[in-house]
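Letters A, B, C and D mark the chains in the order given here, with residues in each chain numbered from 1 onward.
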Amino acid sequence: MKEYFPDIIKIEFSPGKTGHGLFFRQYNPVEITGEKSMKEHLRFSMAYWHTMCCGGDDQFGAPAYVRPWHDVSSPMKMAEERVYAAFEFMQKLGIEYFCFHDRDIAPEGKTLSETNKNLDKIVRLIRKMMSETGIKLLWGTANLFNNVRYIHGASTSCNADVFAYAAAQVKKALEITKELGGQNYVFWGGREGYETLLNTDMKMELDNMGFFMQMAVDYAKEIGFDGQFLIEPKPKEPTKHQYDFDVSSALSFLKTYNLDRHFKFNIEANHATLAGHTLQHDLRIARINGMLGSVDANQGDLLLGWDTDQFPTDLYSTTLCMYEILKMGGFEKGGLNFDAKPRRPSYTPEDMFYAHVAGMDSFAKGLKAALRIIKDGIFDNFVAERYQSYSHGIGKKISDKNPDFKSLEQYALKLKSIENPSGRQEHLESLLNDYILNS
Amino acid sequence: MKEYFPDIIKIEFSPGKTGHGLFFRQYNPVEITGEKSMKEHLRFSMAYWHTMCCGGDDQFGAPAYVRPWHDVSSPMKMAEERVYAAFEFMQKLGIEYFCFHDRDIAPEGKTLSETNKNLDKIVRLIRKMMSETGIKLLWGTANLFNNVRYIHGASTSCNADVFAYAAAQVKKALEITKELGGQNYVFWGGREGYETLLNTDMKMELDNMGFFMQMAVDYAKEIGFDGQFLIEPKPKEPTKHQYDFDVSSALSFLKTYNLDRHFKFNIEANHATLAGHTLQHDLRIARINGMLGSVDANQGDLLLGWDTDQFPTDLYSTTLCMYEILKMGGFEKGGLNFDAKPRRPSYTPEDMFYAHVAGMDSFAKGLKAALRIIKDGIFDNFVAERYQSYSHGIGKKISDKNPDFKSLEQYALKLKSIENPSGRQEHLESLLNDYILNS
Amino acid sequence: MKEYFPDIIKIEFSPGKTGHGLFFRQYNPVEITGEKSMKEHLRFSMAYWHTMCCGGDDQFGAPAYVRPWHDVSSPMKMAEERVYAAFEFMQKLGIEYFCFHDRDIAPEGKTLSETNKNLDKIVRLIRKMMSETGIKLLWGTANLFNNVRYIHGASTSCNADVFAYAAAQVKKALEITKELGGQNYVFWGGREGYETLLNTDMKMELDNMGFFMQMAVDYAKEIGFDGQFLIEPKPKEPTKHQYDFDVSSALSFLKTYNLDRHFKFNIEANHATLAGHTLQHDLRIARINGMLGSVDANQGDLLLGWDTDQFPTDLYSTTLCMYEILKMGGFEKGGLNFDAKPRRPSYTPEDMFYAHVAGMDSFAKGLKAALRIIKDGIFDNFVAERYQSYSHGIGKKISDKNPDFKSLEQYALKLKSIENPSGRQEHLESLLNDYILNS
Amino acid sequence: MKEYFPDIIKIEFSPGKTGHGLFFRQYNPVEITGEKSMKEHLRFSMAYWHTMCCGGDDQFGAPAYVRPWHDVSSPMKMAEERVYAAFEFMQKLGIEYFCFHDRDIAPEGKTLSETNKNLDKIVRLIRKMMSETGIKLLWGTANLFNNVRYIHGASTSCNADVFAYAAAQVKKALEITKELGGQNYVFWGGREGYETLLNTDMKMELDNMGFFMQMAVDYAKEIGFDGQFLIEPKPKEPTKHQYDFDVSSALSFLKTYNLDRHFKFNIEANHATLAGHTLQHDLRIARINGMLGSVDANQGDLLLGWDTDQFPTDLYSTTLCMYEILKMGGFEKGGLNFDAKPRRPSYTPEDMFYAHVAGMDSFAKGLKAALRIIKDGIFDNFVAERYQSYSHGIGKKISDKNPDFKSLEQYALKLKSIENPSGRQEHLESLLNDYILNS
């Protein structure tokens, strides 16, 4: 087995050190914080597509990434070498989970049968490597957007043959996800949307998408796959409009088709911001609906209007993300999947490591800050105090849903004056800085 | 009764004429198109706030609009004069509906009781003017965002007293809307949202908002108000995030609190675009859910990031809006409310007329184009042809929800090749131009 | 010579006709309007890259366009077949100009010498086809962004070898543009910008870019190329920031490096809107600086944040574009280059024609509306009237730059009141609708 | 003299402390860092308009801020009380500079003469307070946007009377800025732009604006005002387009009218981001042109499309801002002016202090991080290394502007391969985190 990163040894935690060189400044996998080790809290995952498959091309530029396993000429041989590179990479970083699309791991064949055989062969190799290394599958999914057949969508295609083909593909993806012990199965509807309403029957498309997901739920039950189904919202790109625009939109869809009890969300930072939300916002919406499943850990550039999938280094975002995760009791089946790619000019294999270290350290710092925020209770207490009027008197009655408009009018007519507390936003932002700097 | 626009006579339809001067180029209220007159199709409404109350100030500039009735020193006398001005204005334009917030028509008094008495007095005058003119109330609502008491929201305030006060205010607003024969009642949650999640209990706020709306539904039933409840989504502004972000978000909220059968939507163009959607998109989402109620007819500037509430003059937007309205069978209780204000430099009373004429003509043209699009069937036929695979064979089975993943896989494994039709977007856009130019 | 579009005959003007089928509704090339024929006014150009080379892939999808000349296995043979297809395409549409990057027309060889030989061979074939058909070269340019060597920029690369290579490439591109009688040479600095300021010496990069352009000007003089140099601004994409952000930014750059007298602008609609401007805005800025050269005729989707390069079908945009072109006296060396691609789902060869017809008709209509706007003078007269205070009295003195702050203060101290006219924006927008509908 | 903040004592530096309460965590005014004290580095300034005048109203809400000096009924008496409140506020925070518009400090009278007398009276009081406290004037300016007379602009108004009035107003503002020892004079062209090009003569407007600024320069020379003129760019709001869109646009304007040697820039974070730039970007552009004068220290919300003028608490932004300031050698005449207002729900007087403390601490931390970044040289060395090819060989010749296209082609033809270094963006972002956390 070829060593793909011969110059890189296992990345170690080196607290207090800075400067160039590959080491963790914040991430100490075995450090116990809040009764779990850091690695149990964070459950980092490598994204197979960006890290092992992406060429670093963009709409104006040719592939740029140096990835030695790309040089192999036979597609199946390349797929095998990619497995070895992937596990070497994860081991050297200490990443214990990965995620993939079916087409990331094995190439399409000339027929669907051949494609499935290709998959089976690589799945066997991956299972062997998982067994040898202890690395686990966070989630699997099917790529229903790259191939030209999906030009008008997959389950929302205007073409029934495409719908059928997509069903066959998801069936197989569910089977291999189960086989590899995947803890979740993700739907990202990259082309489930429209380019123009002038040619679109939105109602039929949504009905078909609902039926498609119901069949997936049914088939999972049939084969005994007990992973969690996740929807990953994104508002647009590649399509003009994607049906799973954001968590709220997807929740509305799930409720309309009676699917909400079968699904949670896989929330991606860059997708949330493209929809006009902070990452924390979409996490919060999912959390209070009991539907926060997993996180695609990346960040966008808010001054750019497309999905840049940058590695997450913004400590505000990582801290507030971990706050929401901790407030729901930590991940159950989910994790932090680095759905991120180095910027094209960071094209060397070393940058793969530097970028993951940057993301892992940023989340480790965010975890520490969030743990201390929760332990100290300063924000939670502020919130509790702010809403205290609902814990007694008329507020308590409202919380208990006792009054009606008439009784509330009687109360209001007698009110002398209304005193509102200050929201203290600037002070709270300053306190957040304290926690990030001092945790 | 003072005449407020003495230099302006009733605006007439003058087809084929252009240039300066006040006349309709496209809008002929009595022209029968598609079995209804134009005015029955369009149901234009004047927005009391922008047209009768707005001063033309912005965040960097003092009030600028010349509105003679603003010169009256006593608030109640000004409120009366405003009624006269409003009805004169609507009559001269031939607008047969209006919409208002409680605080638009009568000033707050020192106490809630006094405020309600102010309202009662003006409501009597308005009822008299309605009776004399035949002008009708499209919808009423309560202003739960301007007064400082609503600094943290109304039904989502952290302060239970504010919740109670808001309930009293909506109770009264429902009563006067009923008294004036209002056909709808609108909730726009201007401050039902948050500035920062650092101080926000989102779950409690949404629970309270749900309970509040349930009480409104209950009270409407109790007093026999049979108007339609409408939610008007907006993503942000004044708050950083407004809970009714867009139609899908609000639909998710309504379903969560079992309110969806009691509500439809009042969709505003500028709010849709601030949420990242076209107006047609949000209309379509509402329509296919059977929840398209009414339209706030305006437009935003897509290169600006705030609510400019401009008069609608974009013929693409008015045509596609009317297409959606016609496809649902036309307005039942809703209408086209000009939630729009002249740009600040258009500060004269004449601009009030010019701006409404611009909007009414643009929608009249849109109506004519949409009627012909539907009559000719060229777009509908294109769509039907595009999805024809679902009308027979495997597609028909999918539509009937017969297959499962296994049977679809069997079908897919046998597929030789997949042929997708072209989406023909550019050609369809060109055809849309034809319809706008030639209708 | 293979016929690549055998089912398509020359597109004809068929006024009054609508529906499916390939014909012009508005564009009549030989119609004389404003003392020139439509085709002389509009000077349509085909963009070689999108129309002949683009595969229809996006960041999430494989190439989708059906383009028969892509099937040829040898790169040089494919380049030849592409020439035949291009000229057949232009002739059938009646497009008389084209634009190209060096790498669009001929493939890179193993060395720069070989690459240049490839170019020479194809240039000979193109010259022959130009001679046979009368089709002309609007502009040429060099592709300094796709190859991996330009990963950090071309003239702004941190690598001096790259700067030198780019110079060699532009030298050759200038030579072939001259050889083919190109009327302009364009610089679009696709990677002349930065990804992060953390690693960027902006001053050195701009100095180098200035020197690079000076050398281009010098070399053009040396070889007797008398075409117009054009800068094409774009704010971002692929880079986070592109130095030629918009017309004003590029103008600032040109003035700083004393290059402004050698350059004009090639303005692209979708680039202007990505920078936060309307197309008309950037055209106006260029026009009043005497630097409006040529137009890349396309449109973006203002609700999407990336360069969609859609075919221009918005009649507001085409009318106001042609208004600016006509106000500068029409194109001298520039033209309307369709830097546009069919949406990916419009993947058939027929869509290439449908899309160009849509764009050509939209500009023909815009031309007719703009001509009548200028002939009627209604907007120009409104503007003249609005600023009439500068034609006499204190305003005349200001225009003549006579007063100083002291004399103006003396005047202002005596002013009784200030009367401002209305801006009448809504009325003007309505008049614009009249002109689009009735021209 | 009434004490306006009786419950608040002078804010002290309390390192290591966190939680509620008013104290500095990072800002120690007298700490010497990099050979200057923190307060000499940072030169904090209070913005008179937001802090002393703003009511906390927004487009949908009434004034909300509790500011006791607003209760005074006489405008001139209120203006006096405001002065006392302002100086008490600055002293308790240890802020040693302030900035104002003419109309912030004194109300308009019935005539321009009376207005100027009002100004003179308050200026005398301010001068007395400055003398007593040692507080200095960072910059003055004239409010040319709020009054209705400026509805179409000031120096770019279509009305020559308005141009004259604006000239008189700036003349007086220059006089009082000089009288108070102001170190700069700022032009923010709030309404120097347009709402629609349909009614705008852009060329005349820009010519007038150029002439206006030339007169200001001339008058300053005449009266011996040696403060620095500054332009503050903003892309839009309140107007659709503001001529000083960003630093580059304003630089282009200044060069066109030969004004560039008389002006530098006052750069506001929130304005930069509205223009699509980071704050650091616009600082860098100004710095490398030798035109970085002063900073309006605030931040926007990148998910909102309007000017929120929030207090700066983002440590990335403050660190990179201070990096640019330090790289130009520190402020000469400029400073950090808090052009910021507490969010409307932070409406109490205490929030004025909390918000400024948040901003001052964030900039103090940013200063410390930037100083250490520069001292360690890790970023500067990385940049130097990245561009090292320009220090010898062909690169050195390019830097010296020796080659031409022909010599560079000769060089390029001989190049074997091109080796580009990695941009290492993710690693650099991680290092930036280290510096923020560890400085």
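Odds and ends about this structure:
One rule holds in what follows: contacts are C-beta pairs under 8 Å (C-beta built on N, C-alpha and C of every residue); 3 or more make two chains touch, one makes a residue touch a chain.
If you're wondering where the values come from, they're calculated on a predicted model, not measured in any experiment.
Fewest steps needed to get from chain A to chain D, stepping only to touching chains, is 1. When the interfaces A-B and A-C are ranked by how many C-beta pairs touch across them, A-B comes first.
Chain D is reached from chain C by a rotation of 180°, derived from superposing Cα atoms (nearest 5).
Note on chain placement: the centre of chain A and the centre of chain B lie 36 Å apart, centres being C-alpha means. Annotation: 40 Å between the Cα-based centres of chain A and chain C.
Residues of chain D in contact with two or more other chains: 148, 151-152, 195-196, 236, 276-278, 303, 343, 345, 347, 420, 423-425, 429, 432. On the side of chain A, the complex with chain B involves touching residues 111-113, 148-149, 151-152, 157-165, 167-172, 174, 195-204, 206-208, 211, 215-216, 218-219, 235-236, 241, 245-246, 248-249, 251-253, 255-256, 275-278, 280-281, 284-285, 288-289, 320, 379, 382-383, 386-387, 389-390, 393-395, 398-399, 401, 403-406, 408-409, 411-413, 415, 418-421, 423-425, 428-429, 432. For chain A in complex with chain D, the residues that touch the partner chain are 18-20, 25, 273, 276-278, 302-303, 310-311, 313-316, 342-343, 345-348, 350-351, 354-355, 357-359, 361-362, 365, 378, 420, 422-427, 429-438.
Contact residues on chain D toward chain B in their complex (touch as defined above): 58-64, 145-148, 150-152, 190-191, 195-196, 236-238, 240, 274, 301, 303-307, 343-345, 347.
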